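These are the structures, in structure tokens.
Each of the next two complexes has chain A plus one other chain: chain B in the first, chain C in the second.
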Partner chain A sequence: MLLQVILSGMATGCIYSLMALGLALIYKSTEHVNFAQGDMSMISGFIAFTFFQLLRFPLVPSLLIALLFSVGLGLLMERLLVRPAITAPHFNIFIITLGASIVMQSLAGLLWSYDQFPFPTLFPNRTISMGTVRVNTVNLGIMGVTALLMLFLYLFFKYTKVGTAMRAVSQSQNAALLMGINVKRSFALTWAISGLISGTAALLIAPVIFLSTRMGLVVINGFAAAILGGWGSIPGAVFGGIGLGILENVAPYYFPSQIRNIIPFAVLVIVLVIKPTGMMGEERRKRV
Partner chain B sequence: MLELDRVETFYGKVRALRGISLKVREREIVTLLGANGGGKTTTLRTISGLLHPARGAIRFFGESIEKAPPDQIVKRGISHVPEGRDLFPDLTVDENLAMGAYTKKDRGDIERSLKRVMDAFPVLGGRRKQHAGTLSGGEQQMLAIGRALMSNPRLILLDEPSLGLAPLLVQEIFKIIREIHQEGTTILLVEQNANMALQIARYGYVLETGKVVLEDEARQLSENRYVKETYLGAGKRGEKVHASPGHP
Partner chain C sequence: MLLVGAGVLFFLSPLVLGRYMVFILNLFAVYALVSIGLNLVMGYTGQISAGHAGFLAIGAYFTAIVGTKMGWMPALLILPLAGLFTGLIGFLLGIPILRLKGFYIAMATLAFGVVVGEIILQWSGLTHGDDGFHVPRAALAGFVFNSDKRLFYLVQPITLGMVLVARNIVRRRVGRAFIAIRQSEIASQTMGIHLAKYKTSAFAVSAFYTGIAGGLFAFVITHISPDSFNLGVSIDFIAMIVIGGMGSILGSIIGAVILTGLQQLLTGLPEVQMLIFGVALILFMIFMPRGISGMLFDLREKLGKSGNGEGKGKEVNGTFPDGMKRG
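Right after this comes the complex of A and B.
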């Protein structure tokens, strides 16, 4: 039974991981904090919904269109909101993305109303037994897709020239420029990938929690996950998210269920008191 | 090969270069001397396109390059080894070198450059999967030079290659600079160690507060009384003039 709770916690955790990953990627490359990550996700969900429910497209093309849109939205955010303010202090960019988040929520409410909508899933909603553990196939699907996306990203950043160049840019923009790397294009690509991740998260979670304009609030859990794992660390974002998801599901198993929303942040505070850099965060060392 | 004609570069409102003119001919080593803040690093950054001059011209093989972005400069054959090495610390040695060849498309060319770098720096051969940040200071400088060689440049800009290295390593680095030069690469060298720089350079410029105050054959410069007293530390004992700020 506990194992089962952990498994469904892992599925929720995958969503937090994706949110945290999107935040961490942008932070690592430009030290910008994108508060609109969750609402970019929400908008992509509504795009899929529009094509599938309202325009009667088949499911798979609707989802693919939404993913494509999420990439475009990432690029648009970078080009229209972030790049013009690239020389401004990072805090200004944070406020700009906060503003974008509010605009996106209002716009979505205007276009699609503030109701909740059921959202289709690619995976059959069944429960399968594996020994004594019963697992929901939707949860399995969430974990599978997340794992695939992360594997894809790992291979991209580790083994392709463009991916390596993006890591180089995040370590020294000056040296990257001297190598002939197009740093602006690298930033744009980071936002595109973050957009794709946010879109994927929307399509995975919307069937479970329903589609609504408040969906973007999941970014808060994404922040918690990223900080828990170690702010700015990519593996930290992944494991922080999964850890947070498990905690959130296991806590009500032992304590009154209202504790569900408190426990993750309580643990976050405890972790940060013991290890201020988060589980996998590095100390900031000054290079001599 | 390279010619700067009355180049003026600003950092914000500060005029860091106040009309620098200099020439580098093919296959020679030219050195820029001078105290910190004199404009040596700014000169190199202006040549490599990180900064653009407000006035003046930079010509490379007769073509104007003062408005070109850094990637165009690299493609034309100018490679810059920046001050403080500026490696990618969390990338491996191999990945750092691969980034050096970022503008190169031809795999054969890249392989040949890699072989050349590995021959020049055998010590890097055993560390290819290691993160650059874990290398020693000397190894890091070798990697920084190796990374610049990966684009197979015709001109290398070297900014303080001996900075922070033990005397033995300084000798080693200068030996390598000589070898690179002998293989046919032109070098523009910025150095605090004026002694060493004037030994290997053919021609030198002395920069102070953004202007060329003195230029001559390296041999003549090392005999020059002002250079001797100011940069070669050959003044009377106790009267040494220190170049770095913060010292009396």
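Right after this comes the complex of A and C.
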């Protein structure tokens, strides 16, 4: 029974991992914090919904259009909101993305209303028995796609020239610039990838929790996951997300069920009070 | 002279204004206090708080619960107690936050705000949970503030007094220490500013202001529920000080008045109101990070140069955070 709860926790955890990963990638490249990550996700979900339900496109093209859109949204955010203020303190960018999050929520509310909508899934909805454990295929699909995306990102950053250039930029912007790397393009690409991750997260989770304008709040779980794993650490984001998902699913078995709502916040508070660097984060010292 | 005249007119205004207008003026005052409180910790000291709705909730529920259980207590005693209680919570929250920087503080305060809301919701024996709480009328020596016009004479003098106190705080030693911390924690520490002391006191004072605002809020709107203090409310407060002007008392008031006014104008259209807030946040942060009061300050500088030169460099709080929190 516990194993089963852990397994379904891992599926939700994958979504948190994706959120945390999107946040961590942007943070690693420019040290900016994107509060709108969850709302970017939500908008991409609604785009897929519009094409599939309202314009009657087939499912797969609708999802692909939504993913393309999410990449565009990431690029747009970088170009319109972040780049004009690139020299401003990071605090300002945080507030700007906060503003973007409010704008996206209200626009989505105006365009698609505040209702909840059922969302189609690519995976067949069946339950498979593996020994004593029964697994839902939708959950398996979520985990599979997440694993694939992470593998793809790993290979991209590790073995391609562009990926290596992006890692160089995150280590030192000046040195990268001197080596002839296009730093601006690298920032834009980071936002594009982050957008793609947010879009993928939306398409995976919307069938499970329904599509709604409140979906963007998942960014807070993403923050909690990233901080649990260690803020700014890529493996930390992945494990933090899965850890948070498991915690959220297991806690109601030992405590009153309302605890589920406050798990991410409790995790935030506890980690920040006890060990702000999280499981895998490194402490940064500021030089004067 | 002009100022006194305007003051007298303001305090006579309930005689001619309608009930609703007076209610709005009271709301303006309440939010101006919250906005000043948030500005003290965020605009002056440079610590982002995304959980001030939590402080407002604590102040409001404290006032409502104490007012119900101890009906003999005059409003002028309950309100300072609410402020002190909230201030204590702010101080306690400030302690773990000492170890954190920049964005971590935003996350910790955000979590604090949500947890407060959740506690209020779950502890229904005390707070009536989701049903909300009916706030008893404020009373003072047999006089009951049972209408918006009467409340005006409770809310406005308190607000005025606290605005003056805030102006003194930021112009003196403590305020200068706050600003120094915002500019550079390390440099201010080298100058002999006790970081831990000033940062926790920034949170305590900020929470005190917001707590009293919460008490007044409870009296003004008469029925409070956990819904009035959600994350969106905390974000509205941030919008107030960003638009009004960070690191400025005048800016806090301007921001509170503009945003509360807009909220009241657009009550039927929450999406439009949110859209305006969001776009304003973005535009101000990109093009006018010093907010409206910063613009006014620049304007006065320019006029001052050609005119009588009054008020040049007078306002320390107008100078904005050039080095505000990198990372």
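Methods note: the second predicted complex is superposed on the first by the 273 of 288 C-alpha atoms of A that agree within 3 Å, B and C clash if a C-alpha of one lies under 4 Å from a C-alpha of the other, contacts with A are read in each partner's own complex, and residues count from 1 in each chain.
Just so it is clear, contacts are C-beta pairs under 8 Å (C-beta built on N, C-alpha and C of every residue); 3 or more make two chains touch, one makes a residue touch a chain.
Remember, it's a predicted structure, so these values are computed and weren't measured experimentally.
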Contact breadth on chain A, by residue count: chain C or chain B: C
Partner chain(s) touched by A:220 [first = chain B, second = chain C, both, neither]: second
Which of chain B and chain C A:101 touches, first, second, both or neither: second
Chain B versus chain C as contact partner of A:208, first or second or both or neither: neither
Which superposed partner A:265 touches (first chain B, second chain C, both, neither): second
Which superposed partner A:164 touches (first chain B, second chain C, both, neither): first
Chain A contact footprint on chain B (complex, rising order): 48-50, 70-71, 74-75, 79-80, 82, 86-91, 95, 98-100, 102-103, 133, 147, 151
Partner chain A, residues of chain C touching it in the complex: 46, 48, 96, 99-100, 102-104, 106-108, 110-112, 114-115, 118, 122, 184, 186-187, 235, 238-239, 242, 270-275, 277-282, 285-286, 289, 321, 323-327
Partner chain B, residues of chain A touching it in the complex: 161, 164-165, 167-168, 171-172, 174-182, 287
Residue numbers on chain A that touch chain C, as the complex places them: 31, 33, 81, 84-85, 88-92, 94-96, 98-107, 109-110, 220, 223-224, 227, 231, 258, 261-262, 264-266, 268-269, 272-273, 276, 284, 286, 288
